[in-house]
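These notes open a run of structures that come right after.
Below are two complexes that have chain A in common, paired first with chain B and then with chain C.
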Partner chain A sequence: MKIGIPRALYFYVYYPMWYGFFSSLGHEMKLSIPTNKEIINLGVSHSVDDICISVKVFHGHVKYLLNKDVDFVFVPRIASEEKYKYTCPKLAALPDLMKSAFVSDAGRILTATFYTRQGDKPIIEAFEEIGRQLGDPEEKVKRATKEGIKYQNLATKALRSGHTFLDIVKNIKNLEELIKRPVEKKRYTVALAGFPYDVYDTFTNGDVISKLEDSGVGIVTTDMLDPKVYKHYSKYMIKDLFWYQANAAAKGGMYYIDSPDIDGIISISSFNCGISSIYQKLLDLYSKEIGKPVMHIIVDEQTGDAGLATRIEAFIDLIRVKRGDGLVSQENNLHGTENGVHVRSV
Partner chain B sequence: MSRKKITYTVPRMGYTYAAFESFFKILGYDVIIPEPTNTETIKEGVSNSPEYMCFPFKILLGQFERVLEKNPDRYFKVVSLESYGPCRFGYYSPLYYKILRDKGFTNFEIVNIEGIYPPLYKGIPRFFKKLVKLTGWHAPWTVVKAFVIAGWKVYALEQLEKKLYHLIPREKVTGSTEKIFNAAVERIRHAPNKVKAIKKILNEELEKMENNPHVERDDLPKIGLVGEAYILMDYSNNLDIEKKLAYMGVDVDRSLRVTNWTLDRLIKAKSHKAHMLEVNKGYLDFFIGGDGQESIMNTILYKKAGYDGVIQAQPFGCLPETAAKEILTKVSEDYDIPVLSLAFDEQTGEAGFVTRLEAFVDMIKSRRQMKEEKKESVTVEN
Partner chain C sequence: MSKTVALGIDIGSVTTKVVFIDENDEIIEGLYIRTKGNPIDTIKAGMIEAYNVISSKYGDIEVMAVGTTGSGRQLAGVVVGADIIKNEISAHAYAAIHEVPDVSTIFEIGGQDSKIIFIRNGAVTDFAMNTVCAAGTGSFLDHQAERIGIGIEKFGEYALRATNPVRIAGRCTVFAESDMIHKQQMGATPEDIIAGLAESLVRNYLNNLARGKELLPKFVFQGGVSENIGIVKAFENAVGAEVIVPKNNKLMGAWGVAMLAKREIEITGQKTNFKGFKVTELEHKTRVFYCDGCANNCEVYEVIENGETIAYWGDRCGKWSNRLTSKVRRTERADRREEINSEK
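Presenting the complex of A and B:
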């Protein structure tokens, strides 16, 4: 069977698991194309107006896949990623949203409720549910689940060793090799704090990652961190947030604010995302105490590229001045485009 | 701890502030109730909260800030009601604390009341610790008595409110019932702390309202209100939507009240959830926090009870309500009931708001007419 996987939201966290599962079952997978103008327009026209842009984009990806020749579109309900922590209400209601947005195609939406990272048992149950919907033999589903979990663990290892999730998607077939490959250390390092689906969706966030990398700045993201290292920040936050990803962004951001080899933090969130408003305020207040630059980028469907490029350049200049390197010299300050990407060497 | 004179301040919610006030007064504390939401409080709150934070948070922050600002010589316990769940409502108090401290206020502490949440072995002691922190050390019967009196006052105020919105579209002299109602609220607020006395006042006032000249009729268009609790329950946040609809000649009913909200959340939580899942089957069968599921359930229930339309009131960007809004479009189609979603934020202007309400009411009236004409033509054919 042909299964469509939308390249949005939790794709940027659990794609390796889904890849392992579906490929082991022998199903053909169709990924939607990376977000572009067409997908955003599709999403905007099929969703309510005051929902956040990430969910709008997800609508677009699902519609794109429904238009293509796939049997099912995979829309899992990620309910909880840690004990007593939940996901955003909109994400918890995602399959229901899709069913009411695409009423005529409601039968083609493949879904199950996942409680990930609470041990393997709930994951196995969720995959069993999917296996039942697809009509696969139980024995095979069990094997495939194991394969999925194995891939996810490998991907986590790759993240911990400093590779971005985009690298993982590119090298999904040889993750072990990727883990061994060392990450190049640059003179400046900027940490990106935010939900994986905001940080890695290169179209909606104006390609912050390549803009930084092309300017010679190394990046780290909050999902590279092991949750153990930032546990102690709960005390500063008084009370844990209820969303695993928001906790990761807030505490990971604070961890990077405190760590000496990070030069600055850029937090990326989507317009009208309610949860990020909380962790951004916390990062603001914390950076005020420590004194490290933090920049917030809030993206929406109208984000212009030029304004963002200017802001990032200014941020890099700020980091340089803080390090004592001075501003970028005139001859290096040439603007050019390579494949349409704005380039400026540092 | 030094025995400082402690003053309490509580979130203002509709007319129920009178009940909270008496609760703390019975325990022997001073209470200062924030002023009703106005442009000043909103301005104060908006300028200090995160940009995309929920509107209720901004309102409450503004209210508390005004209270702290006006009384610099008092020491406050700011009471914040919270829940632990997937909606942002659960993280209000840490942000209040951080933002108010950042603003330079030191004369306060925040007391948050939240339900018992897992793990239970930690949750139950934490709940009682918070309760003690809220009320201070008192004889248990004093606290119970305060609870009972506050509960009765809430109940009495709700009964009065229900009566008011029932009578407004039926009264002979426009505005006469409201006058009686306002006096009644004051009387309940200052009622002696005895259940009997509150009951007596309630009955007297209800009778007074009943005796106000009016014409009883049951052919008015009916509109149900669903949505986020705080926007829905506080008249100053929703720009008096209930009263406005009532004056337009509509029978209006609000789905969430303090009494049924507390009952459903705390005492009858299990049966309430089961009922909700049953009604919502096929639309939203998963817990998303806030009042999102309730909005969908109540819309369906209103249709079944013969209502002509539903208005969903939500703060701009509310997480559960935006999810519910998208599903409500399908509910509205399937059940053939018009649903109007209104998002409230700091920029809601009154004139545009009234126009939208009027258009909605007109639409409902003409829909009723069309239905009746259809009925008549069917009977003629037969």
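Presenting the complex of A and C:
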């Protein structure tokens, strides 16, 4: 069978697991192309208009795949990722949203509910359900599930060693090698706080990652952190948030605010996201206490780049000055994306 | 002996600022012109005008450094040959700190965007720019001045004469305008409406940009809108402290980037990239086309100087911008800089 995998939302968290599972079963996988204008246009014209850009983009990816010759498009329902922590209602309702948006293709939406509280049991059950729908033998599904979990663990390891999820997607076939590969350390490091699908969708967020890296700034993200390291920030928030990813962004962001080797924090979220507004406020409050720069980038459908470039340049200037490197003597930024900041001692 | 100057150009959405500074960083000539439709022509006209004034005063001049800033900074940078192309936040902050060294908060309101910059101990610690709309910026005031039929330059004095400023919804220009028309039909005087507008603009600005941030004196207010004494008063009322409007309030961005360009040249010891005043005689054209290389269909901008393309931008993948000829210059610069570094 040929299974389409939309490159959006939880793709940026669980793709390794899906890759391991489907490839072990011998199914061919088709990834949708990275978000581009065509995908956004498809998404915007097929979705209700009051949802966030990330979910709209997901519609676009699904439609893109439905237009290709794939047997199924995989849209898992990820309802929970931790005990008592849930995902946004739109994400929990994702298969239903897709089925109602693409009624004539509803039968081609392959789904199962991942209600991951603790342990692997819910994952095994969800994959069993998928296996039944695809008509694969139980034994094979069991093996494939193990394979999926193995890939996911490898990916987690790669994240913990400082590789971004984009690197993981690129190197999905040799994750072990990726884990061993060292991450280049740059003079400045900026932490990106936010949901993985906002941080890594380089088209919708105006490619913040490249803009920073081209300016000589290294990046780390909140999904690189082991939740154990930021557990204690619950105290600052009085209690944990209801949403798993918002917790990761808020507490991970706070952890980075406290890390001496991080120069600043940039949060990335989509305009209509109510959950983001909560963790951003928390980061604001916390950064005020510690005194580390935090900037919020809120994206929507716009493709104009000037406003974003100005903010990022100014933010880099700010951390340069903070480190005593001054404003001048840097390679000129002649065209937005190439902002090579050269650092030299004066 | 010729006079050595540095040039700073700030191409804003509504106005263009051209500033020449002398060796003491003092402005010897500054111009404030409307950008209108064509930023390149505006820059050239401004440069010629300023050149004529300065050369009649000082005779020969030598430009040792050029910097550009503002939303048109890239375009201006490639056209004139800039040594530094700086975002407007850093440029504005640099000039404000130069003028008022112990400044803590900078309000800057220009034609289409507004920013707030927080400074502690002479360094930018935080900033915010207006997000989704242009409510409460210069363009909106301009539009309202036209509608009411009172010159924008008189807005300030009208606001000061008000006895009972009316409350105007400042969240959005569409609501603000209908609110203003409603109040005017109810019989409010133009003075009270204009003062109300100033207050709502300040309220909206502070709610939008300064939300939850600590506003500490000294306050500096710059950008075109700081000409408006009514808004200055409204700011003072809102923050409960004096708000300083520096003497070059409208030119701060250009001044800041002129100083930064000068520092850049002083530090690197390089020769300026400035193409000379002859650029005003060169023919510059710009062209926009849609790249059909992939589904993104990027709007690519091309700058053509005397028939030769000198810059591309707007492409996401770098297909066009990587082939631009000024890239050669950039690489050379980078190489030279590495040489300097290795010598140290």
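To be clear about the criterion, the second predicted complex is superposed on the first by the 326 of 346 C-alpha atoms of A that agree within 3 Å, B and C clash if a C-alpha of one lies under 4 Å from a C-alpha of the other, contacts with A are read in each partner's own complex, and residues count from 1 in each chain.
In this text, contacts are C-beta pairs under 8 Å (C-beta built on N, C-alpha and C of every residue); 3 or more make two chains touch, one makes a residue touch a chain.
None of the values given here were measured: they were computed from a predicted structure.
Touch criterion met: A:Pro293 reaches chain C, while chain B stays clear of it.
Once chain A of one complex is fitted onto chain A of the other, the partner contacts of A:Glu38 are limited to chain C, with no touch recorded for chain B. Once chain A of one complex is fitted onto chain A of the other, the partner contacts of A:Ala314 are limited to chain C, with no touch recorded for chain B. In the overlay built on the shared chain, the residue A:Asp207 is in contact with chain C alone; chain B does not reach it. When the two complexes are overlaid on their common chain A, residue A:Ser277 makes contact with chain B while staying clear of chain C.
Once chain A of one complex is fitted onto chain A of the other, the partner contacts of A:Val328 are limited to chain C, with no touch recorded for chain B.
Touching of chain A by both chain B and chain C, each in its own complex, is seen for residues 281, 285, 288. Remark: chain B residues 49-54, 84-88, 90-91, 93-95, 97-99, 102, 117-119, 283-290, 292, 316-320, 322-323, 325-327, 329-330, 343 touch chain A in the complex.
Looking at the complex, you find that chain A touches chain B at residues 47-48, 50-51, 77, 79, 84, 86-90, 92-93, 96-97, 100-101, 103, 113, 237-239, 241-243, 271-278, 280-282, 285, 288. In the complex of the two chains, the chain A residues touching chain C come out as 33, 36-39, 203, 207, 281, 284-285, 288, 291, 293, 298, 305-307, 309-311, 313-314, 317-318, 321-322, 326-338, 340, 342, 344-346.
Contact residues on chain C toward chain A in their complex (touch as defined above): 71, 74, 77-78, 82-90, 94, 113, 123-127, 129, 131, 212, 214, 260, 263-264, 267-268, 294-297, 311-314, 316, 318, 321, 324, 326-327, 330, 333-334, 337, 340-341, 344.
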